[in-house]
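Comments concern the structure below.
Chain lettering (A, B and C) follows the sequence in which the chains are written, and residue indices restart at 1 in each chain.
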Amino acid sequence: MKKRICLGIVLVLGITLLMGCSSGNDETTKVTSDRGETVANDVSDEKVTVKVLQFKTELSEQMVAMAEEYMKEHPNVNLQIESVISNDYDTVLKTRFASGQAPDIFNNQGHSNMQLWLENLEDLSDQPWVDDMLEFTKEAITSDGKIYGMPLYLESYGFLYNKDYFEQAGITEVPVTLTGLAEAIEKLEAAGFKVFSINGAEWYPNGVFLANVPMAQQEDSTAFINQINDGTATFIDNEIYNDWMDMVDLMKSHAASDPMSVDFSTVVSDFSNGQVAMILGTNGYQLMIDEVNPDLNIGMMPMPINDDAQFNDNIYVSASTYWCVNKNSASKEAAKEFLDWLVTSEIGQRYITEDFGFIPGLKSIEINEYAVGPLGMDTLMYIKAGKTAGWEWPKYLDGVTIEFGGAIQKFYAGELDKAGVLENFQASWEDLKDN
Amino acid sequence: MKTKYKTLLSVLIGFCVVLFLIPFYLVLINSFKDNAELLTNILSWPKRFILDNYQRAFSQLNYTKVFINSLIVTIGSNAGVTVFSAMAAYRLERYPTRMNKVIKLVLLSGLIIPFQVIMIPLMKVLKSIHLINSLFGVILTYWGMGIAFTVFLFRGFISSIPKEVEEAAFIDGSSLMYMFWKIVFPLLKPVIFTAVTINTFWFWNDFLLPQLILSKKELQTIPIAINAFFGQYVMKWDLALPALVMAIIPAVVVFICFQKYIVEGMVSGAVKG
Amino acid sequence: MKESRKTRILNQTMFVLPTVILFSTFIIFPFVFSFVTSFSKWNGVSNVFQWIGVSNYLKVMEDEHFLKSFVYTIENTAAVTVIANIIGLLFALILTCKIRGSKFFRSVLILPNILSGIVLGFIWKFIFMKGLPAFGELTGIDFFGISWLGTPTTAFWSIVIVSVWQMSGYVMLVYITGILSVPDNIIESAYADGASNIQLIKHIIFPYLKPSFVVCIFWTISKNLLMFDLPFSLTQGGPYKSTETLAIHIYREAFEKNNYGYGSAKAMVFFFVVILVSIVQITLNRKKEAD
């Protein structure tokens, strides 16, 4: 019996070693130098491998299908698309680079994220699709006049609202002033509807999306950030930030339940089940809402913070992610070819607009109404009218969004008042600046 | 013991068991609901039993493949950790030279090093020995990470085994290695079961390490595959829950089948006359 | 057992060397790398390391957030260790009396241990956010409708509940093996002498439990000090960082704030503090035993 155990263990160890060696073999044919440079390729097949690491895991199947169609047309390319959940994306990306498994195409948010990765980003200014980029998508991914990424899709956020409820409550126009919002809320409550469902349990939507409103509404957010950095301006005495806290206060006072017990899935289900009339949401919520209630008549509207209608009449749109090419990759030409195919070929465009349901970041690609849904159509409407503001947090200091989120959560919990939140913002910013 | 007490205790424990199992119950019943019903009504018995969820989850997970991968990793890691820890623990405990004492302490310190701290350099190490993107790389890393605690576990047990048996064998003239495998190792059955049980739960469910090392789709383990159901804005509970059930069931089944042996195994060596 | 020099070297090599090599390669070397990085400013991406000497360490001393994380981690570890061990011990004591179905109960109570990592977090998030409030509505008991994860206090105890739920089963098993190691004849003679159950437990069983006790304490302390997955998926370290364990804090510093060097310094401080405390504890124990 003991002999059999010993034999068993030795056998297992042996098999493991064999299996391990065989599955590790692929890597040994590549000659790898440090920092993720792959110098030689699989000599046997004469195939070029293009590895993509992207974070929309909800589209992983469709991405794979698209890769297969691409490979049919381009038999000498082995296109591998890997999806990693966005929470872990940065960590996985860094680790892949550190371990010599750097992908050939990866995602980048632009601004400071671009600066962080700059030495690994290929200059794409000469690519055919660059002129097709929507103007407002260029700034974030431009450094020193060079373009480093492709805005594959746009995302937007604002208040998502239930159009039927608005109609029933007698609200004929989407409010673009704070007073107008307060009136709309009154009408909704008078008609028996609960108004807001607020995600207070998670710092992310608060520190990222909600806190972006006052920053994006600044005349020049970059200048404002510089002023905060050199001490000539603060969050505390900035009028826009103070107005914004009034709006947040309004939201909080009309929340259907305690925000601290509400998380993302609750917000979505509350809204989809018609339990509340409004939530803060992105166009990406469409997918989840459709699962619960595909017939829900909804739209996206601005988030007014004061009574200047023209000032407030916009939603927040950005190319939230850029697809970039690894500068040190041996397959970068093939990678660029693929990106070009993706946005210019019929098949590629079909995937973008139909299967992925994207709002494209390039002018010439026609949006697909059914695929993007009502939220996408509203977004398009605001884009065409030029009523958009940006996503400014990639310009922030690293790590400040979680502090902002925490301060807003304290506000929901009643531990900070409006002024306290702004003081907290200021203190956190200064604290991180010294890092 | 009085029967009155016994029944009371039975009931008490029974109640605790029910409480303990509620989370599993919730996962199970909700795995049969579609997303809409899931988000709205959690506690209820499913209106209809949607087996489609399981089917879709099975194919999207590529269940057979990831199951095999997880199995290889778990078995391989267990084998290595157990064997190496047993040998090292035995030697360190029976031959307390100064060097061995130092090694003992250094191994213990491994218990307070968070994984996040060594994550990146670990990847660099794996890269330099060409074991990135291989199951063996994962297994080898688990060997390295698991021995700290397992050696500790074995050491405690070994110190309670009387030396006479080994000394007798030695007089026979056998080598230490031979004697170890013939006599000592079988005596370690209880602690082997203990170690394997706890390590298996770790290897089977571990997510971060395999995710960082393995990027090839065909090498993915179960936790990596399940994680794909949680996206930025979408949590495919209707796929994730069946996937979770399918991930847990093998471990549960194995445990229940073998629990007699496992518990007895853990207990057997402890009963010494 | 005397060995010739040759055999000694051979035996040491065969028995200990594999372990030493594995441990050094996968734990010590990476740890040293991080230690070295702690004296630099590095963002985790670029090829450039900026050497800044001990300034990271000086900063750590003044870092309030780090201190809060440290304190929270210790508090959480203490709570879970104590509660899980008490509950595990109670279960073990109960299930070693000859009760009907104890074998079944034993195997069922360890099932929670099968879940871990983010899976555990997701399931319990489900339960805390939706399951319990729904139960509260159903039964009309308000208590269940509280915001389980919404305030620092409730979040703290919610995490403790989940950890205890997950760990008690295994702790129980270890204690069971300890209890069963008490020879039957000793127990019988104790009963014959008229010992009550409580006396039996205190004076006979407890001494036999010392090894199990050591294993369980070490295991629970280690697991809780290094805890990452559960608070990360359950509360993301919130609300407002009140449940941010040290592992999460270090991870955020290194990967989200891109301060790998500073993060490593914090990890080192944590490591050395724990080592120091352990050494002090062991020395005190030795002194006690010597007395």
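Basically, a residue touches a chain if its C-beta (ideal position, glycine included) is under 8 Å from a C-beta of that chain, and two chains touch if they have at least 3 such contacts.
All of these numbers come straight from a predicted model, not from anything done at the bench.
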Far-end chain from chain C, centres as C-alpha averages: A
By count of C-beta pairs in contact, the leading pair of chains: B-C
Chain A and chain C: spacing of chain centres that average the CA atoms, whole Å: 35
Centroid distance [mean C-alpha coordinates] between chain C and chain B, Å: 15
Multi-partner residues of chain B (each touching 2 or more other chains): 119-120, 124, 140, 208, 227, 230
Residue list for chain A, restricted to those that touch at least two other chains: 91, 94, 98, 265
Where chain C touches two or more other chains at once, by residue number: 44, 130, 251, 255
Touching residues (chain side chain A, partner chain C) in the complex: 35, 90-91, 94, 97-98, 116-117, 119-120, 200-204, 258, 260-263, 265-266, 398-399, 402, 405-407, 409-410, 413, 432, 435
In the complex, chain C residues that touch chain A: 43-47, 125, 129-130, 133, 147-151, 235-236, 238-241, 251-253, 255-259, 262
For the chain C and chain B complex, residues of the former touching the latter: 1, 3, 7, 11-12, 14-16, 18-20, 22-23, 25-31, 33-34, 44, 91, 94-95, 97-103, 105-119, 122-124, 126-127, 130-131, 134-135, 138, 165, 169-170, 173-174, 176-178, 180-181, 183, 197, 211, 214-215, 218-219, 222, 225-226, 228-229, 246-247, 250-251, 254-255, 260, 263-264, 267, 270-271, 274-275
Sites on chain B touched by chain C in the complex: 1, 6, 9-10, 12-14, 16-17, 20-24, 26-27, 30, 41-43, 84-85, 87-88, 90-92, 94-95, 100, 103, 106-107, 109-122, 124-125, 140-141, 143-145, 147-149, 151-153, 156-157, 160, 166-167, 170, 175-177, 180, 190, 194, 197-198, 201-202, 204-208, 223, 226-227, 230, 240, 244, 247-248, 251-252, 255-256, 259-260, 263, 266-267, 270-273
Chain B - residues contacting chain A, complex: 35-36, 39-40, 60, 72, 75-76, 79-80, 82-83, 119-120, 123-124, 126-127, 130-137, 139-140, 181-182, 185-186, 208, 211-213, 215, 217, 219, 227-237
